[in-house]
Structure formats: structure tokens, C-alpha cells
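Working notes, structure below.
For clarity, chains are labelled A, B, C and D in written order, and residue numbers in each chain start from 1.
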Amino acid sequence: MIELTDQPLDFHSLSEYVRSDAAGAVVVFLGTVREFTRGIQTQALEYTAYHEMARQSLQQLETEVRQRFPVIEVGILHRVGALKLGDVSVAIAVSTPHRAEAFAAGQWLIDTLKLRVPIWKKECFSDGREEWQHPGITSNSPPPDFPPAAASNELNINSDGSQPQPPAKDLPA
Amino acid sequence: MIELTDQPLDFHSLSEYVRSDAAGAVVVFLGTVREFTRGIQTQALEYTAYHEMARQSLQQLETEVRQRFPVIEVGILHRVGALKLGDVSVAIAVSTPHRAEAFAAGQWLIDTLKLRVPIWKKECFSDGREEWQHPGITSNSPPPDFPPAAASNELNINSDGSQPQPPAKDLPA
Amino acid sequence: MHEIQVTVLFFAAARDAAHTDNTVISLQPAATLADLRDSVLQQWPELRKFGPSLLWAVNAQYANPDLPLHDSDTVACFPPVSGG
Amino acid sequence: MHEIQVTVLFFAAARDAAHTDNTVISLQPAATLADLRDSVLQQWPELRKFGPSLLWAVNAQYANPDLPLHDSDTVACFPPVSGG
């Protein structure tokens, strides 16, 4: 289940959607608009997408996560347009027989979505400035003990916390 | 927020409870009653607890996860009594500034809950047998690429997939 | 000195094995958790089947065998936990 | 042989730098994505500030520079993604 929408994300329905008698574990991830980034106050975010490619890319994530992990059901919702503080920008839910697989699959999905799917955010700061966010500039540093998701070692998480580039096979040189 | 109850778990309210303008990430974990375990059909589960100690132990998990990770808000709900297929037995939600911390904290919470909190489940199989579940007997084997939770290396996940004993400092020899 | 009285609670498969969910045991004043454990295993030999996996808590906290017990303490005896 | 016509879409900061969200570019029949890229960067030198981080997709798929282009292909040009 894939959705790219300018409406609030119904992540409660999403988590119900992935529940199954065959599953022992459900992991739900929500990305939310955070007030402070590097000490600067965010007032709002504007998400824009290359819709046609983003939908195909999200669909590809669903296909690929099912190949990599014993996924029973999976759903990915991403919002576009203007978001306020605390709003949910992305919701991912996955169910698997056992818990370790559910965490690994959920983490692989959000890590890979952030590498590949053509969506961009512009931060609108309280001082009036607007700024496109690019990996390496946003630098949401993971903690030093960040555990790389299982089966995602080709993602090349950079030790400085900057976000890696998309996998080489997907990329122009 | 800690709850040990014989009523259905309101995990939707739980995930709303942990959302915060200070958070960029929310991870929710649900444990659900799975139909098949080692090819044997489960009809129902009966969870029983040493209530006084279980509540203290859940409270201690909340205290400790806040020391180990940059947690903004956290909640743990555990159900006791008779559960049907697909029912949610445990719900954990945690919010943090960045996503890697939210996954690590959520995984640490469920892994540690399963090691420490005095709650037991009895499986009621469709062939009429009832069986207390004990770690090492249930052997819900994690996949070979199971990533140990950050900052939980003392948990000693056994390579055969059996659940480890509680940390030595908590234990009689 | 007077003996101390300790309440013992059994849970899950340990309750089934002991055929009771609680008992009161009298111990010498300087008794430890290890002494209580010996006494319990003597009275309910069925509990020996759990071997070293049997867990013990004193007043709702996991405890070491050398912990001294006091009058009115509550000790819990149970197999490995399986919540979640 | 006739030239081919390729639509180019610009997104996010690349759109701001190019001051447009799309254009049509004519290329020689055997042109590759690399040829198109050279043509785009010549016409919009402001895009050079992204250096090698600028991403290119052909018909909604990431593509290598040696990919041959065809008439009516849609090429997208954008900076590193930042969704999630």
C-alpha cells in the first residue's frame, strides 16, 4: 500500500492495515516535523515531489522490502505540501512473523526512502528564511552507536552522520 | 506512561501520546498473537503477571531508556489475561529527535522487557494442549542477520536464537 | 532471637509445579535467600526440574542468593519470563 | 536523420536555479544522457553549483550518463532527495 498525498496521513488505519494473524510483530515509523534543527527554529516545512517517479520509487521499495525480509504486509504513506510543526510527513508500517525482522525492515524502508525517492523539503524558519534541505547539509547526525539495518550494508552510512548517496547502480556517475 | 491491563491496548492513543514538536521520529512496536509457531496452530494465549513487580519493572524500563537514549516521550502497555489470534499483547511507543535513536530505543525496550519483566504466556493450541512458554523452548529464532540493539550488548543475544537470561546484576547466581 | 516469617509467591509453571500460589516459611534470623531457596526446593522437589533457570525476587526486585532476608519479606519464585 | 526532442524537468533547488520547471531540448539522434547534461549545463550554468551531486532520471528512473536518449523521452534533473 503506497500513498503520496497532500492530506494528513492516516497512520492509525495504516497500522491496522498491516496487522495479521500470521504476524507476531508490527513496527510503525512516523517522521514528524521537528521544531529545532541545529538550534534554529523551524516554523513549517514544504514538501515537493516528482510525483510520477516518487510513486514508482515507493512501489519499488515495497517490492524490494518483500524480497529482503519476511514481510507479511507493508504500507508507506508520504505527505507533500505545507506541513506544520508536529505534523507527520511520512508513515511506514510493516508486519513480520518475529520482531527483529520488523525493526530491520522498517529501518531499511525509511533509510532507503530517504536515499532514493524524489521528494524534497524546504524549511521555513521563524526568521523568515527558506532553505532547501539537502543531505550533508541537514546532517541529522545519528548517534555514534547507530546500528546499520540488516541487509542494507550497501547503503554506506557515512561515519560523519551525513546521508549517503543513492546506490551506485541507480545513479549517473 | 506505563499500563498493565486486562483490557485491549489503545495503541492509537499511545502513539499520539508520544508525538511532540521536539521529535523528528516516532517508532511504535506492537506484539501480536501469531497463528502458527513451529507449524503448530495457536488458538489463544493466556498472559499472567506478577503485577506488583511487573509494574515496577516496566517503570524501571522507562527510566533506563531515558538514560540510554535521547527519548522525548515513551509509553509501554502490556496486556494480561486471555488473548485471541491477532490481538495486541504489548505496545511500545517512543519519540526522539532523530530516527536511528527511535528504532534503537524501541528495540532495546522490547528486547529488555522480554528479558526482565515478570509476565508469562501460556499457549493454548488447537489440539487442546496448553503449554507455558519459556525462552529457549519457544525459540522464535531471529534471522541470522539480527542486528543487536544499540547499547544493549550486555543482553547477550544467543546465536541459537534462544532468549538470553536477565542481566547478571539483576539475577541470583 | 525469634525466627522470621517470609511469604513465598509462585508464578506460572512454578505455581503449577508447587500446586500452590503462595506459602509462608519460617527461617532463622540470619537466613539468606539461598537458605530460603534450599528450604523451598526441599518442600517442593518438583521445582528442581527448572534447575538454575528458576528466578527469585525479594520484595519485587531480582535478588542475589546471599541477600539477607527479614521478617515479612515477600519472595517470588518463577521460571524465565515470557512476556511481550 | 532528424534531431530528437527531449523534455527536461527541473525540481526543487534545481528548479530555482534554472528559473523554470521544464524545457524542451533538441539533440542529435545518437545523443546520450551525458550529451543532454552538457547541453543543459551550458544553457543554465547556475546548475553547475550542484557539481556531481545533481541527479538525473530518464522516464522516471535513475539513469547512467551513457544511456541513449530517444525522441519524446522525459529527463528529470534534481538535487539530492530529502524526503522522509
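Observations
In the analysis below, contacts are C-beta pairs under 8 Å (C-beta built on N, C-alpha and C of every residue); 3 or more make two chains touch, one makes a residue touch a chain.
All figures in this text were calculated on a predicted structure; none of them were measured in a lab.
Excluding chain B while holding all other chains in their positions yields the touching groups A, D | C.
For this pair, chain A with chain C, the centres built from the Cα atoms lie 49 Å apart.
The distance from the centre of chain A to the centre of chain D, each centre being the mean of the chain's C-alpha atoms, comes to 26 Å. Distance from the chain C centre to the chain D centre is 74 Å, each centre being the mean of its Cα atoms.
Counting only residues that touch two or more partner chains, chain B has 31, 99, 110. Shared interface positions of chain C, i.e. residues touching 2 or more other chains, are given as 84. If you check each pair of chains against the touch rule, the ones that pass are A-B, A-D, B-C.
Within the complex, the chain B residues that touch chain C are 31, 47-50, 52-54, 56, 78, 89-90, 110, 113-122, 132-136, 138, 163, 165-166, 170-173. Residue ranges of chain B in contact with chain A, taken from their complex: 11-12, 15, 19-36, 69-70, 85-86, 88, 95, 97-104, 106-107, 110, 140-143, 145-151. For chain C in complex with chain B, the residues that touch the partner chain are 9, 11-13, 16, 33, 37, 53, 55-57, 60-65, 76, 78-84.
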